[in-house]
Amino acid sequence: MSSKTFVSDIKENDKVESFFLVKDKSIAMAKNGKPYINLKLMDRSGEIEGRVWDNAEEIAANFDKNDIVAVKGRGALYQGKVQLSIIDVRRAPDGAASSEDFLPRSARAPEEMLSELKRLISGIKEPYLKSLMDSFMDDKQFVDLLKTAPAAKGMHHVYIGGLLEHTLSVAHLVTELSKHYSGVNIDLLLTGSILHDMGKTKELSYKAAFDYTDIGRLLGHIIIGIQMLDEKIKGIDGFPEKTALLLRHMIASHHGELEFGSPKRPKTIEALLLHHIEDMDAKINAYQAAIAKEIAEESGWTSYQKMFERFLYKGE
Amino acid sequence: MSSKTFVSDIKENDKVESFFLVKDKSIAMAKNGKPYINLKLMDRSGEIEGRVWDNAEEIAANFDKNDIVAVKGRGALYQGKVQLSIIDVRRAPDGAASSEDFLPRSARAPEEMLSELKRLISGIKEPYLKSLMDSFMDDKQFVDLLKTAPAAKGMHHVYIGGLLEHTLSVAHLVTELSKHYSGVNIDLLLTGSILHDMGKTKELSYKAAFDYTDIGRLLGHIIIGIQMLDEKIKGIDGFPEKTALLLRHMIASHHGELEFGSPKRPKTIEALLLHHIEDMDAKINAYQAAIAKEIAEESGWTSYQKMFERFLYKGE
Amino acid sequence: MSSKTFVSDIKENDKVESFFLVKDKSIAMAKNGKPYINLKLMDRSGEIEGRVWDNAEEIAANFDKNDIVAVKGRGALYQGKVQLSIIDVRRAPDGAASSEDFLPRSARAPEEMLSELKRLISGIKEPYLKSLMDSFMDDKQFVDLLKTAPAAKGMHHVYIGGLLEHTLSVAHLVTELSKHYSGVNIDLLLTGSILHDMGKTKELSYKAAFDYTDIGRLLGHIIIGIQMLDEKIKGIDGFPEKTALLLRHMIASHHGELEFGSPKRPKTIEALLLHHIEDMDAKINAYQAAIAKEIAEESGWTSYQKMFERFLYKGE
Amino acid sequence: MSSKTFVSDIKENDKVESFFLVKDKSIAMAKNGKPYINLKLMDRSGEIEGRVWDNAEEIAANFDKNDIVAVKGRGALYQGKVQLSIIDVRRAPDGAASSEDFLPRSARAPEEMLSELKRLISGIKEPYLKSLMDSFMDDKQFVDLLKTAPAAKGMHHVYIGGLLEHTLSVAHLVTELSKHYSGVNIDLLLTGSILHDMGKTKELSYKAAFDYTDIGRLLGHIIIGIQMLDEKIKGIDGFPEKTALLLRHMIASHHGELEFGSPKRPKTIEALLLHHIEDMDAKINAYQAAIAKEIAEESGWTSYQKMFERFLYKGE
Amino acid sequence: MSSKTFVSDIKENDKVESFFLVKDKSIAMAKNGKPYINLKLMDRSGEIEGRVWDNAEEIAANFDKNDIVAVKGRGALYQGKVQLSIIDVRRAPDGAASSEDFLPRSARAPEEMLSELKRLISGIKEPYLKSLMDSFMDDKQFVDLLKTAPAAKGMHHVYIGGLLEHTLSVAHLVTELSKHYSGVNIDLLLTGSILHDMGKTKELSYKAAFDYTDIGRLLGHIIIGIQMLDEKIKGIDGFPEKTALLLRHMIASHHGELEFGSPKRPKTIEALLLHHIEDMDAKINAYQAAIAKEIAEESGWTSYQKMFERFLYKGE
Amino acid sequence: MSSKTFVSDIKENDKVESFFLVKDKSIAMAKNGKPYINLKLMDRSGEIEGRVWDNAEEIAANFDKNDIVAVKGRGALYQGKVQLSIIDVRRAPDGAASSEDFLPRSARAPEEMLSELKRLISGIKEPYLKSLMDSFMDDKQFVDLLKTAPAAKGMHHVYIGGLLEHTLSVAHLVTELSKHYSGVNIDLLLTGSILHDMGKTKELSYKAAFDYTDIGRLLGHIIIGIQMLDEKIKGIDGFPEKTALLLRHMIASHHGELEFGSPKRPKTIEALLLHHIEDMDAKINAYQAAIAKEIAEESGWTSYQKMFERFLYKGE
């Protein structure tokens, strides 16, 4: 199975042999009394319906919902939409498919975002904070996770690279804001802002779908992030304890309120600014995603948005 | 009573003849069995204790708490602090004292802030929004109020000129931020941001102390602001109804949630940005004011801040 | 298509040619392998299932869910219920069907309710309030809307004429109550009560289904109602500003609490009475509607009522 | 100590020998170095300051705060207000003073209110409900409590006779309203309305001040009321169980929401009406009391009302 | 229909003639165009799908959802699962089936639990409390209900015998704990703990499914329980009023907070302990039930648990 | 200043030379016109009023509120209470006074409680958990803090040794409970229970009064406790990562709900049990402390308890 055929490229009568993620799977009874399989297949370009008309029961035993599967079939038109008429489906061998093909990803290239982030880091003047950020950036394993992790399972920046995109956006915003208000420790604010969500590299799993890890559900990214910070700080001789405390406070308090999962609320100007900016960035990203998803619909309003608990205005 | 003597300038033995605002007034019994008057006098530079030892009952009949009064006395040292030993106090004739002497005011000159705001307005390209903002800026009565009004009675920017300072700060911030996100109508965002709190020019009274007006308590600055906007729009031929609606929505929703007094929550990207930015600006101003007020205290923490429902960290 | 055939009148074998509203539309596969259309059709008398067995795909292209359509078919019995076996469905030409046929409407005739309301208005003694109400009643466009608008999209009085019914009920109740308590300005209370929900004439759309308008979602009936009031007041020379303020306050505060969308809470006895009475009237109407809808069911309890967050007792 | 001298009648130089309730008591140091007693004395007509200049320590030992005391003294003017210059104070013998002299009481005569209530009861047609109400009215001990109990410790109708006044007001209101809505069992509604707060006769104590009883704090008037109802019902042969259940439900649910102390929320039309009407009556009474208390003050607004969590508008 | 065949025992080709509870019933169209009935049948051992292929319309008229029915059919394999191929279904004659066969029941034998409870009761030393508990245990009708009632409709101990199991568990726990803290009236605590949920014997119905009774929905088990207690106390000469009050308070307050349906919150150490212990016991039982239900699933986490508003960790 | 004279031992005319903590300090004007100092002095046995009549201004300059001071004076009777007539007060030299004299402490000896805790620890069978607890118990610096730290600043166990007392109580309770429920990992539950509040050794300061440390306010005892755990675990080769995760989860979730400061809610049976038990232990301790504090008062009720938001019943 050489190269990936993306859902958005499949047309009527195209022969398709490619990997897809099984989002839904059910068995129904066809007109001729035989069982058939109804599938919803997806990759990062979108979703497509599929039907397996023959040997449904045997084939159905070969894979489950949420598997990445190898599919053989052909594009067919039904009620004006292309779907897949499928001959065979089976679980893909481990590692055969590239997970990046199945999950949506950031519109921006990770390397480009990473360079931008490093440029911002290079502007940090306080030597210990500079060392701290360098030790994160020199940690290849960490950087690999940072380039791929989403920023959430279902609220905002829910795509591969979303964590880096959100981090970079917040870093840019606080850099601008730190000039606007007096009394702000710019280097501290920037460092805390870049670190605030780092625990998400371990909180979320995103092999085939976005979900939480065990540690994500049992501890959450705030505690994980502080643990990651503590580990790096231990490697830096003489890192000032007070600076460490203020950074930990920024991570601990960035959700702003206890009921949103922060065990402490912001009590320094840097923690306050971080909370407001990162909350705004999350909300604006979620707004833009909601609008983008329904941009083709005729209505001036989106469907009901659970995260916002309201309908959003798209305009005409 | 020629020129104002400010509380912060009074030293022991200084002869004082000036206007002050009476913040507290009570009658006590002196050591010799005679009643005397305890006063707390203030002007915008600070507060001072005062005592009237002779003719207390007659003199007490001449003024009330919250009056601006003409005071004759002399600086005296008591327990290491300067207070006023007073011979006479009486209500100041209407208009004799300048109200600006008694209330704290913005550190920035109103004319300078106004120029800055006008510069931002001059950058608006959409002609109807430009006309709208010009019609506000050409309304001398409105501009006079804008230059003096506080932004609140007790939360943030509680000083003469505070409304203008908050408005200008938000206007700067949205101007910078509007470049950061795609899909933002910059002119609409800037106009709505400048207008969002305009109702406060009528919601608050600040002759001698900061308080609410009747209309402030019965309607509030959101409804007042929409009424003010509607009046200006009526004077502009062909003002697009849709633009008017989006501006009204920004004013109506800028508190973000129903329980904070907004009858509608933000449903456009401009209303969302305005809400987040103006909320952050209010909170940062309140943080800075809390820190400034207790900067001389030894503790690394402020006293309990009711608005934040927490102690704030001042650092060492 | 001469006259309307109502759903509640259709019997087995009746030939039907009439307009209906499409509440649901889906395509399924029939026993013979051919697609067919499943429809849920409605008018104000009730709902009926319909099936299009032939030419399903072509016919399905002629209309959408929520359209008013012209239907040709015949009554058929299926599992003991009458449904429609349909030959043709197509979108009705604009204006061909009367929207009043499709939405439920008040049990009371609008003209009768209007007369009753006018009788109450005629009892207002304060001349400015009398003029104000007259100017509303003389506004034909307004009165037309008042006679048809529902009082809500889904809480209470959800039917054509519901706004007028609710308004009249509240007006009657406050008239009685104003004698019960001392210190009530009867004319003010009555006027404010009649005006409190007037913004709903523009907040809600009810062509084919009950929904919100753009201005309804972006501003809401409280702000709209104050704008409508302001416009009428401008036409009355010398209308006392204080009376205007108290009326605006009644509209602004009638939901009682900020979290229910009132930007201010009631602070006068008239505003308090209005809030309590109109809340009670809405709740009682919703209770009666919930009971009426399930009166035929055997159980002594209604199904779960989302608005009340409870089951309601019907009794035996 | 023959007859009561009321606070509101004391003038300068009047010789006073009467009972008062001690609301506050403190010892201070007089100008001549001797201790003296500061008192706040009250009866149902108001409050007055008192001073005991001689033998303060001995006299102070004779009574405590909250005692009813026999006072000998003389009216004296101090800072324009009459106070009492006192020679002797001592605890009043049990029963010597009439508790009715010390607590505020309803403006209406209890007997008159009782007659009115009985008139309403006489209109009940359902024989079991009639018997039930008669058995309450024939219970002399109950009726004595009903004539004196307040309706609350600190929210509304906080005065002797307040419970009867509130009960009567609610009974009148439901009688009028029951004609307004269809489907209401008028006799059930009236009976439940009269009974809803009966538990307060045992929940509150009001010998010298309004407070809760032990059973009031441990069970509350809702459970007490149901127990009282159950006892009366047991005395009526054949009282229908279903009617009993619906009455209990009205008592149990009349606070409307769990968080206000109702273990169940209203689920019948009678329980809903009772809740709305009795809540309104409590709020309007509280509004009127707040206004009345500060009617003499110049401001157009009351002081902050904790129960309403707002300032109330008195008007000019 | 001699003995019960349990769902969990049915295998392919088994001939089945037994009673089942109908949990779901719908009519669909079979491959040959004929209607057939889809059933979900259950008894206390589990659920099974069933199909009636012939005479579907006639047979469907013989029973409804929630009925206990007599079923004739045969086990058949479909997609690897056993279902029932059914020839006849009809409503079971009243009393023909034993309700205990259809609802899940406690893993512990009721008689055994009852003995254990009686043993705990026998340890009560205070004679009035002992008499009280004896009078409950001597009430055969009550004990029969106690042995069968569930502890809730859907939160915890949702099975026949669940109330007794919960009561016994709480009784054991308070017995152990009462030694841990000083100042606890052990007999009072134990008695109140056994009585706290007794109202549930009348609040819940569990003939064929767990549901609320009318009195359960209109009054709830707290008020019912106090009524039951009052009745028993009346039969005991000289029962101390104060002890009765403290027991009633324990029942009234055991939910801990008003919003959970307690009209009073715990104010004695016995009421506090009872609240904490019985809440913990309910939560732990619910946790164990959630884990047990999904123990066979592969995931380390349960599905989303509405009662807990979270996923629970099962471990590996 | 040899040995401590405790407040509770001072009698009239006793000569006193001892250290006290200054709880309040103010300057007033004496009868002769001279300023004097009013003091409230305290040690762990209680509080006493003090007066400095001579050289008040000089002496006042020698110390501040919250200082531990050396006091010279004599017991004097005033209004039936002993107070101190003071000749000299000055700040105590650092280390001169023993802080244990000034703060209330647990009724139980720390060494005894520690032994008991160690005995429980010795019962742990799982070797890694045993090693972990041993490494805590072998850390002398930690154990010293554990023996003195309070469990809170103002809710429960607010006394020296309170943390150890609470920890031991919870450890006993979970040991008993772990036998009551199936499926509980006893060693894990006991270990997590002992560790749950360990962060409080660094969260609270208690030199002269109970307060928070900087790290206490910025991070809180949950995050601190996890850091302390992580440090100990690093010292134990091969400590299972899963066990570490479950322990961290117990610490993180022990407050039960996000709004109480837990960033995650309990999701394992051990975390659930810990939360319920430690919450109960805190509440019961607070109840007992409230009762003990007012045991001498006549009333059957405590004063209003802010933590419980209610009055508590003391009984007769």
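Letters A, B, C, D, E and F mark the chains as written, and numbering starts fresh at 1 in each.
Note that a contact is a pair of C-beta atoms (placed from the backbone, for glycine too) under 8 Å apart; a residue touches a chain by one contact, two chains touch by 3 or more.
Every value quoted in this text rests on a predicted model; they were computed, and no experiment measured them.
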More contacting C-beta pairs: B-F or A-F? The answer is A-F
Rounded Å distance between chain B and chain E, as computed from the means of their C-alpha atoms: 62
Using mean C-alpha positions as chain centres, tell me how far chain B is from chain D in Å, no decimals. 43
Chain A: positions in contact with at least two other chains: 31-32, 214, 217-218, 267, 311, 313
Pairs of chains in contact (touch as defined earlier), listed by label: A-B, A-C, A-E, A-F, B-C, B-D, B-F, C-D, C-E, D-E, D-F, E-F
Could you pull out which chain C residues touch chain E in their complex? 31-32, 79, 300-301, 311, 313
Which residues of chain E touch chain C in the complex? 27, 29, 31-33, 35, 57, 214, 217-218
Listed in rising order, the residues of chain C that touch chain D in the complex are 169, 172-173, 176-177, 180-183, 242, 265, 267-269, 272-273, 276-277, 279-280, 283-284, 287-288, 291, 308, 310-313, 315-316
Applying the document's contact rule, which stretches of chain A touch chain F when the two form their complex? 214-215, 217-220, 222-223, 226-227, 230, 245-246, 248-249, 252, 258-264, 267
